[in-house]
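I am attaching a structure below and will ask some questions about it afterwards.
Chain naming follows the written order as A, B, C, D and E, and within any one chain the residues start at number 1.
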Amino acid sequence: MTENGEWAPSSGLLKDYQDPGTPPGTLRPADGETGPARVQLVSYDAADLDVREVDEAAALDGLRGDGRIHWVHVIGLADVALVEHLGKTFGLHPLALEDVLTLGQRPKAEEFDETLFCILQHLLYRREGLDRVQLSIFVGTDFVVTFQPRGDDVLAPIRDRIVKGRARLRQKGACYLFYAILDLVVDAAFPALESLGDHLDEIEAGILESPDRNDVEALQGVRRELLVLRQVLWPQREVMGRFAREEHDLMPQEVRIYFRDCYDHAVQALEVSENFREMASGLLDIYLTSLSHRLNDVMKVLTIISTVFMPLSFLAGVYGMNFDRGQPLNMPELGWRYGYLGFWGVSILGIVTMLWLFRRKEWL
Amino acid sequence: MTENGEWAPSSGLLKDYQDPGTPPGTLRPADGETGPARVQLVSYDAADLDVREVDEAAALDGLRGDGRIHWVHVIGLADVALVEHLGKTFGLHPLALEDVLTLGQRPKAEEFDETLFCILQHLLYRREGLDRVQLSIFVGTDFVVTFQPRGDDVLAPIRDRIVKGRARLRQKGACYLFYAILDLVVDAAFPALESLGDHLDEIEAGILESPDRNDVEALQGVRRELLVLRQVLWPQREVMGRFAREEHDLMPQEVRIYFRDCYDHAVQALEVSENFREMASGLLDIYLTSLSHRLNDVMKVLTIISTVFMPLSFLAGVYGMNFDRGQPLNMPELGWRYGYLGFWGVSILGIVTMLWLFRRKEWL
Amino acid sequence: MTENGEWAPSSGLLKDYQDPGTPPGTLRPADGETGPARVQLVSYDAADLDVREVDEAAALDGLRGDGRIHWVHVIGLADVALVEHLGKTFGLHPLALEDVLTLGQRPKAEEFDETLFCILQHLLYRREGLDRVQLSIFVGTDFVVTFQPRGDDVLAPIRDRIVKGRARLRQKGACYLFYAILDLVVDAAFPALESLGDHLDEIEAGILESPDRNDVEALQGVRRELLVLRQVLWPQREVMGRFAREEHDLMPQEVRIYFRDCYDHAVQALEVSENFREMASGLLDIYLTSLSHRLNDVMKVLTIISTVFMPLSFLAGVYGMNFDRGQPLNMPELGWRYGYLGFWGVSILGIVTMLWLFRRKEWL
Amino acid sequence: MTENGEWAPSSGLLKDYQDPGTPPGTLRPADGETGPARVQLVSYDAADLDVREVDEAAALDGLRGDGRIHWVHVIGLADVALVEHLGKTFGLHPLALEDVLTLGQRPKAEEFDETLFCILQHLLYRREGLDRVQLSIFVGTDFVVTFQPRGDDVLAPIRDRIVKGRARLRQKGACYLFYAILDLVVDAAFPALESLGDHLDEIEAGILESPDRNDVEALQGVRRELLVLRQVLWPQREVMGRFAREEHDLMPQEVRIYFRDCYDHAVQALEVSENFREMASGLLDIYLTSLSHRLNDVMKVLTIISTVFMPLSFLAGVYGMNFDRGQPLNMPELGWRYGYLGFWGVSILGIVTMLWLFRRKEWL
Amino acid sequence: MTENGEWAPSSGLLKDYQDPGTPPGTLRPADGETGPARVQLVSYDAADLDVREVDEAAALDGLRGDGRIHWVHVIGLADVALVEHLGKTFGLHPLALEDVLTLGQRPKAEEFDETLFCILQHLLYRREGLDRVQLSIFVGTDFVVTFQPRGDDVLAPIRDRIVKGRARLRQKGACYLFYAILDLVVDAAFPALESLGDHLDEIEAGILESPDRNDVEALQGVRRELLVLRQVLWPQREVMGRFAREEHDLMPQEVRIYFRDCYDHAVQALEVSENFREMASGLLDIYLTSLSHRLNDVMKVLTIISTVFMPLSFLAGVYGMNFDRGQPLNMPELGWRYGYLGFWGVSILGIVTMLWLFRRKEWL
């Protein structure tokens, strides 16, 4: 859609979609993804840890059942065969896999018999604006399978924590790993929000100093990013709320408190983004009043100049008339000794009076 | 209502209606529909397939009970006798048939003892704007009956999939066919939304470059289409939500997951349309600030010109006065050797000073 | 309130009310109603039908219990004695009767032990604008009592259907007659909405062609009518929703489907009116941008004229100065052979340049 | 807060409050109240009635238990000892008594073991604007205790009805008296709303005729009163809703219907006030378009004058130039016989053409 | 974030946060906090009271179990060791402790097995604007632990009440102390709201007298503070609502009524802040209409001046023309005896007529 660099601000709000009528569960490479996927496998329990990059899908067979927790992280969404293989190995539903390969998904959670599935959007605020990385997560009793599009590994901090042997993450089950990932994604909203807030502050400072068109366009850009943000944060909050509330075999009671914490953060992120929307619309109000003020100022200058010089020009015009001086009543002023000085006196008096009047009206 | 081509933007929001007081269940040809209907019959099970066009309503009698699933698709809503015949054959409720023959219906779902009934609006974004095709669907244990107004067969992709023998569609029951139709209708919103988004992007580009009245009218057109869209997508989401949540004998548990997927898509389509509404109203804001900016610019030009030339004109007027040169104090400047040059000097100095002042005020 | 023909647009939003502190159940003639009431009695079952106008309230005694359904329709709300007599005969609650005699009621439904009571507003869009006829309905096992203020009988179409012997209405019980009345009232909103929509379309066409103040006032009128409409349609939808959902001895299960249909229509009417509200506020936006455009246009004309003629006037003023031609440097241009032609040349060149500049700036 | 007559429009929205950290249940005279309270006692049953003014709190001891219903109405909120005495006599909760003595309370209802407590705001629309009288009500099996600040007795109509022996009020229990008071308070909103509506109508008429600044300030005043109204009517509706829905020992089933009626009125009052808010904001829109229209009109006058006279002034300036008539090409027009008449001819032709053009553009 | 005094209005809306991916329960000194914490211990029962400042965390060990209630109040959030020690001593959850050390938290409540935990924001309206002090509270059967950042002790009034031996606070359990703290925090919103209201009133008075840019900026400041307020008051209301509704072992039934009172106050504070938001946006409307009025006034002055002097200047220009007086038809007026006087007569007549016209149009 935006491949050819055209102006397409609306595209951030639309998900990719397959042609209507396509049978459900049809797997195709995700839009814009190419090449093979990178697969990272982490197998661990409290005592043991094995981290490696897997080259062949077959290497993932027969992992389960050794008592360890296996986390498969797939980077790149173009290798349909791999996705299908994972689907068979871990018993993932075809409809869910179709969602994995469709970018721009609304965050959602789905419960299957033995797995939980959810899609989230990991937010990044890069120099060129807000970016989203779609993260799909499957959780079973002893495995977690995650997918993201090509690019930097957004889950690297989690793997680092496992490797560094933080007690809790290694000792608790797959569900706690799942929580750690959700926590990472939810908290990623805060730096993005902070950057957006800084941007809003800059725009506000700019508007208060000297409002110009760039400010409106920048503001409109921020508003669009806030729309995208809301489209991500609302359903993300719902997903967290479901995990915090609903019971599921995979989630022991003691882990529930962590999901509640996660939910609180998701609520807070959403609230901040809603308040930023109000701030942005308040900025537009300020901007419009600034424009009105400037128009008023411009018009005052014009009016002052006109009010001062129009009567004077008329007066000069009068003494430039050619009435026949032979007639005694015709323009006798022209013959007076102090006529010209008098003219200037009247003119300067007029100017001063006008300016004094304008000052009293607070136009100056 | 819009038959005679008059300006009638509100008509897209109103359904057709019968005169108040008409007894319920009264069948009449739908507004604007004429001529006989085309009836397409698909009878299939996993092994067997029979696709044909039916000319006489009587050919539909006695179909049921052979273990196959029968899908009757009627194109054209003017043949009341046919509709009544189908009603008797498949046991369809008269109130539902009245709805089938009334265009502009709000999407809705209704449960009868042995059939499910729902009305949807299939969205199409044609060159001349957003269009809706009303689709009415009845589902029973072994049959699906669908109705649409005259025009292209919107369900052709489904029939193609049955003919091509996609395993799942042929092996599962009437309910899965029903799902396939809902999925088609829900997903049809995305290309329509994409076209609307492109349209919004064009308008935004136009406004940022040079705002003119056509942009506002185009924007107003898009807003009206978004209103129509919302009128379709909100209840469509409700309908999908009911199928995803509520239990019904016709819907086995295993098919429920597909309806949930359908519901997710309906939610996403609705969300995108709501965000487009916000984008559209943001565009209006930008447009208004653009107008204000232009007014400011125009006024600045006027003020600069006036401020520069009014004092100069006054000065020229002064030296055009006819004060009597006989009096020594009257306009001695006129007799000076460098008087005229001095006048130009003062004038040019004045212009330069003014322009410098305006530049400092950033009016230039 | 509006009796003396004063400007009172707010009165459409207020109900009549009795003085605070009046004991509940106090019956008084309704505001603005006078004279005796007309009472129409229809007694029917599937086989038998009796339609007559009743002159004396006593004629209504002893009707019940003959197995037929009796429908008493009272036109005129000033005959308190009649209302009280009906209350005793059919066991109607005094609070409900007080509501019957108070015009401008919010639509509502109330369940008593053996009767259902509801108040609706029948909408009419007459030439002079939107009008409401308050309809009060009591339903018992074998009777329906309805009240409306003086004027045309709004329930005439129902009586006609009974007289013409439409099978269903004659064969089913009082509840079906009740449904037929609700259906009539709900559907009466659609012609009213259509008229309002036509009105909006006219205003829009007017604004797009040449916006003037009448358009705003017409728009404001429509917005006020939409407020009134909403005040009627929201609670009417609630009332229909209650009948469609809640169980009541008077409503057999098989009739419930009809009330659901009624509810769907009520929802649709409400939705259309809400969308009209959005259209109306969109029209105001268009109107305001039109005004801005026209101001811009006016200012451009002024600026072009000023920018072209101010410098030229200055130039003409210069050559009207009276510098002493005796001095060689003073205004030698005046003595040149082609001085005057040169002046015109410069002037015309200046005009052409200016116009060319304005055209480039797209001001022309 | 507003004692010293300062500009304090926000104070109507704030309740009085005690210093944060004050122990709950601390009783102090209400803000702005002084002097002793008046206490009116009404003791009645169906047969017997005793109405008197009580001077000493002790006279209220030992009233209960004689089978009659006792209604104590206290006017004036400065006599803390009296309030405490009543609290002990009737078993009223200290927190509730604290609320009684704090003006500006949000309407609320509270259930204690043997008493119901509620606070309402009785609305009055006086000449100087909307006023609220805080009414606190305690109900027990055989007593009602009510409090209001100093001023006219707002419950006088109820006492009159008891004295006049209206059957129902005298025969039914304390709960019916409670209902009568609620009904009075809820219905008091309607005359206030009617006055506000009349005020809105006046403003609208004023704006349509000739909009000026007073209209905006009046409109802003009405909007603030509508805010205050909403702050009262929303929670009042909630309170009525609770009484209409919830079961309580003090409320027999047969009285419930009366509370439902009360609730309906509260809903209607709230709805009307919300619609008035919309009307008020619609008026602001009209006002702004009026201002724009007038600016347009002013600018048109200016532009017409400038467009007509600037070219003419230029022409007059041209023939005021002093080019040397000795040169044959210099201003030969000045020597023509009909030169001057020709000048006027051109001028008048120019004026007429311009006016014709402006008329065609509909600027005149 | 705002340490270096930069313009950062958005920062008030964001909470501090740890880097995404930080393990949950990681304790760090709160942002901007340094130095050791002050710890105040109050141990009391109805008979006995012990108030002291604790220097070593170890002094808190072994307190529990002596039948008294212990309240530990920590001022300063940089001493991680102390916080951890308290966590172990009183059994506080690590996630909750992490929240304690993170400033800018959304108010929330959390139930653990044997403790209740909640975070509130104590509002203060200082000279430089609205300020928040984050208060974290843990309650157990016999203890209360509270935390606040460095600064004035916001809970001093509570300690004073305990010391002064107010019966109720000393006799009731930890839960009542908890309530007293909540009550203090909730009521602290009212003085803050009153200050904000005063500020709004000042701005309104300023705008009505003479609107200038400072008013808009002040208004924008108030709106931002109202946003912050809402971000605090909404969840605070939820927290109070939970305590008022939900049952918990720590809360005896008799204390519940106090929490309901607290909830009512929280609701009222929120409502007032929402109404202030409406008032603020109403002020912006007034401001904009004021600007429009002033522009209108300025333009009228300009138009009046132009309309009066442009025709007169033209006339003066006419009689300054140099048509050859030798031709009899050329400007005979110049030779008339009363020509000049006539010119002035016409001029003055013109001025008077114009002014009379403008007065009639109510432009003067």
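What we mean here is this: a contact is a pair of C-beta atoms (placed from the backbone, for glycine too) under 8 Å apart; a residue touches a chain by one contact, two chains touch by 3 or more.
Bear in mind that the values here come from a model prediction, so they are computed numbers and not experimental data.
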{"item": "Set of chains adjacent to chain C and to chain E", "value": "D"}
{"item": "Chain-contact steps, minimal, separating chain D from chain A", "value": "2"}
{"item": "Chain A and chain E: spacing of chain centres that average the CA atoms, whole Å", "value": "25"}
{"item": "Centre distance in Å when chain B and chain E are each reduced to the mean of their C-alpha atoms", "value": "41"}
{"item": "Multi-partner residues of chain C (each touching 2 or more other chains)", "value": "288, 292, 295, 299, 302, 306, 310, 313, 317, 320-322, 331"}
{"item": "Overall pattern in which the protein chains touch one another (line/ring/star/complete/other)", "value": "ring"}
{"item": "Going round from chain A, first to chain E: chain order", "value": "A, E, D, C, B"}
{"item": "Residue ranges of chain A touching chain E (in the complex, touch as defined)", "value": "157-158, 160-161, 166, 168-169, 180, 183-184, 187-188, 190-191, 193-194, 197-198, 200-201, 204-205, 208, 257-258, 260-261, 264, 267-268, 271-272, 275-276, 278-279, 282, 285-286, 288-290, 292-293, 295-296, 299-300, 302-303, 306-307, 310-311, 313-314, 317-318, 320-324, 326-327, 329-331, 362-363"}
{"item": "Chain E to chain A touching residues, read off their complex", "value": "1, 7-11, 13-15, 17-25, 93, 95, 99, 105-106, 108, 110, 112, 210, 213, 216-217, 220, 223-224, 227, 230-231, 284, 287-288, 291-292, 294-295, 298-299, 301-302, 305-306, 309-310, 312-313, 316-317, 319-322, 331, 334-341, 343"}
